[in-house]
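Paired with chain B in one complex and with chain C in the other, chain A is shared by the two complexes that follow.
Showing the complex of A and B:
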């Protein structure tokens, strides 16, 4: 059973103080977390080394401006950090980081991973909104009661994987009705336990999976079924996909913010996919008309085949889509069936190779040789 | 400037006024139906509504049946027209005669892309149309029916409504300008239920001739209404520029507007002028080792991730702002509602004035960065000599 420490402070304040003491005592050299930009409500991920700058840190603020797994990957892409740092990320961001590490896009060594039981994040279009403060406090109320906040991303609303895997330290947030006064930190790994002394609280014997957590999970599972069912339009297949992706501008924002899409230059942004002017005459002859720019649907299908098996359902793609295509729900749905086929859970185990990176002779025997 | 263009410029402009009893949209489409049927063009680039959806898109249309979905005045700007035209004409020479019906800002973007060798205009006839503006893309996608209907009302009255995209509210270049951008212009602001065809090049003249229209009609009505609206909108634009120059007077003010940025680069991918296959800011050049990041962090106390979020905007700005046509596509595509189109338009206005350059106005005007003028910016380089020159000229 993981070591647990109860801290008699508001959860945001308590975690802040814990991280601050790690930084001040130089147990770690930096904290990677969310930081307030200015007074207009914007937050961004930052690596913070100075205690003075740390005053602006808001580790549990319910926004995901970028998937932190992607941001940590850019930090450790060319090697591990020599100086120890702590990173606060949400469970799906952590899963994304694990998937990136498997693909040699990051390194977790010397990074103390802190995560939380996650109530979700607010849609990015609410960032900088004039009612932001009240939306955020409403959000925390729903976290306390283990209710699904309607202001959170669609993927958050149906996320059943809101407990972190692979976190050294977990902040128990969901379902704690006294979150304003006290909360529990779970030290899950030996690496995490090294820092337990810095948490000023009393040891308790608790489990992270409470009745509230299990009920919450059930509620979200039900919603997932509902959302997935709604996404499955009656008229499936190519025709339905054509309609769903009809408004796509081809801005490729979804791929830019996707933590799994790590290619420096996407195949679909490369010259390979420039439309050959010489084909115009024959294409028009056959089809009578061409949607231009062409290839938007192919882009989504291509991207899907590349990353869906590792999709962590973080919802970044839907949040940045300027034409409201439910990209994340579609990808999450396809991802979840695909992951079942491969018996693979993205972000679970750093050592487990990604399905495309491994060959099993007896896999898919029903479509291959008997 | 070649002779043809000079001619059309010096002659008092005349055009062809067509009645549009069945509606403007129908009449405009009829012109192109005839042009395609008579093989004046092989294909037409025009906005269209995707069947069974509320979405709009560009189609390159050859089959007459597709006119059913074509819409010369859609409620939204999806992909910027210049970008759409470039997508199929940058990779080789066109061997088909194509007509492109686009909004004036899209025509201007196409002209800039032509100068940047991203569009082959050889067999393309550019046709501009008086533009009532468009609605914000996200507003429309949230409620296509309601926003579509209110666009209809706004566009019929040529109202400078606050529900239009900010770029469109502040646009004073919504009609034909005194330049060589489009070959033919379709005037709509004149008399009600009339479509005015205005040839603007020898190609435009030929087109009217082939269509059997003699450009003998006076353009007075259209011109006076257009001028009135241009005046009104210029006033609106000047007020916008003043307001935003004030807001962003200090660097902090400017960066405050951008600090919500999440680095998705949607603005760049929607921008017609940003044509690079791979942006510098998406390249591997900007990857560093962890120790370098830590060093940078220690110098500043904190380091934002992803890196270069602000530098990206400044870099992009320095690359494209001289050609910025203020189309607002960037702002439409921004998921966190940064007024990025307004910022770029404002900076563009100032830098373009410095170079005495209007992007997309004339096909012949060289891009400022490709054109060396010895006495340009002498006040920065050689202030003393510059002063002498200026006084000499004054004498």
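Showing the complex of A and C:
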């Protein structure tokens, strides 16, 4: 059983103090976490090294301005960080980071991973809103009661993997009624336990999977089924797919924010699929008309074959979509079906290769023999 | 699709097996459906899922992926990768409600001319039953 320490403080304050003490005692040299940028409510991921700068850090603030897995990969791409740092990530961001490490896009060696049982993040268009603070406090109320907050992202509302895997330290948040007064830190790994002395609290024996957590999971699973059914039913086919993606501007924002889409030279950003008008002739002869630029559905379906099997359902893509296409829900739906097919859980095991990069000789043996 | 109409089938054939098998079927004067347009690839592992998707979205009524039987790949493991890609495409098509029968994977070795003739004719009939690919008429793709 993981070592657990109960801290008699408000959860946001308590984690802040814990991180600050780590920074002050120089057990770690930097903290990667959310930081308030200004008074307008905007937050962004920052790597903070000085305790002075740390004052404005808000580790558990319910926004995801960028998938932290992608952000961490940006500076561990060429190898581990020189000094030990701590990083506060949400479970899906952690899964994304693990997926990136598998693809040789990051290094976790010198990073102390702190994660939480996650109630979701708020939609990015609420950032900078004048009611931001009240929305955030409403969000925390629903976390305490283990309810699904309607202000969170759609993918968050049906996310059933809200307990972190591979985290060194886990903050128990969901379903804790006294979150304002006390919370529990779980030290899951030997690496995490080294820091347990810094947590000023009493050692307790608790499990992270409480009854509230299990009920919460069930609620979300039900919602997942509902959302998947609503998004695109299986019997409508191409026409409905065209309708869903018809407003797409082709900005490729969804792929640029996607943590799994790591290619620096994306096929769809290249001119590979652009043709001179002379070769559009055959298409025009058959159809009598053509969307320009074409390749809308090819982009989305193509991206699906590239990354859906590793989709961590963080919801960044839907959140940045300027025309509100439910990209994340569709990719999550396709992703969970693919993950079932290949018996793969993205972000679970750093050693397990991604399904496209491996094969087994004795799988799908009936295919091709018909 | 009535019986007289000829569907449009794109076949991605591995150079070392099915392409040679097709050749043998031809020299053995077996009947191959005129609907099949073959594209030679050096290995079934070279068939990018995008090739298949693009054929489908450009209006191909059927897409055949063909490669060597498992264990016989000229490059050791290309067909295993192809198989995973096919499974992935098939699953995506099923989940999104597209007609998954419009894509298929067959193992045909260089000596199996009769098998090549059999699977292409069978698939031709199957595609005829499916009818015209809706993507052919779709402008907003």
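Please note the rule applied: the second predicted complex is superposed on the first by the 361 of 370 C-alpha atoms of A that agree within 3 Å, B and C clash if a C-alpha of one lies under 4 Å from a C-alpha of the other, contacts with A are read in each partner's own complex, and residues count from 1 in each chain.
FYI, a contact is a pair of C-beta atoms (placed from the backbone, for glycine too) under 8 Å apart; a residue touches a chain by one contact, two chains touch by 3 or more.
No experiment lies behind these values; they were computed from the predicted model shown.
Greater residue coverage of chain A by touch, when chain B is weighed against chain C, goes to B. Look at A:76: by the touch rule set out above, it reaches chain B but stays clear of chain C. Look at A:322: by the touch rule set out above, it reaches chain B but stays clear of chain C. Of the two partner chains placed by superposition, only chain B is touched by A:257; chain C is not. Contact with chain B, but none with chain C, is seen for A:278 once the two complexes are overlaid on the shared chain. By the touch criterion defined above, A:289 lies against chain B and chain C together after alignment on the C-alpha atoms of chain A. Of the two partner chains placed by superposition, chain B and chain C are both touched by A:246. By the touch criterion defined above, A:353 reaches neither chain B nor chain C. Note: residues 246, 287-291, 294 of chain A belong to the chain B contact set and to the chain C contact set alike, using the contact criterion stated above. Within the complex formed with chain B, the residues of chain A that make contact are 29-30, 32, 35, 37-38, 40, 42, 44-50, 52-54, 56, 65-66, 70-72, 74-83, 124-125, 127-128, 243, 246-247, 249-253, 256-257, 264-265, 269-271, 274-278, 280-281, 284-285, 287-294, 319-324.
Across the complex, chain A is touched by residues 42-43, 45, 50, 52-63, 65-66, 78-79, 83-85, 87-96, 120, 137-138, 141-142, 256, 259-260, 262-266, 269-270, 277-278, 282-284, 287-291, 293-294, 297-298, 300-307, 309, 332-337 of chain B. For chain A in complex with chain C, the touching residues are 232-242, 246, 267, 273, 283, 286-291, 294-298, 301-302, 304-305, 308-309, 330, 333-334, 337-338, 341-342, 355-356, 359-361, 363-365, 367-370. By the touch criterion given at the top, residues 49-50, 53-54, 57-59, 67, 69-71, 77, 80-81, 83-89, 91-92, 94-99, 105-107, 119, 134-141 of chain C touch chain A in their complex.
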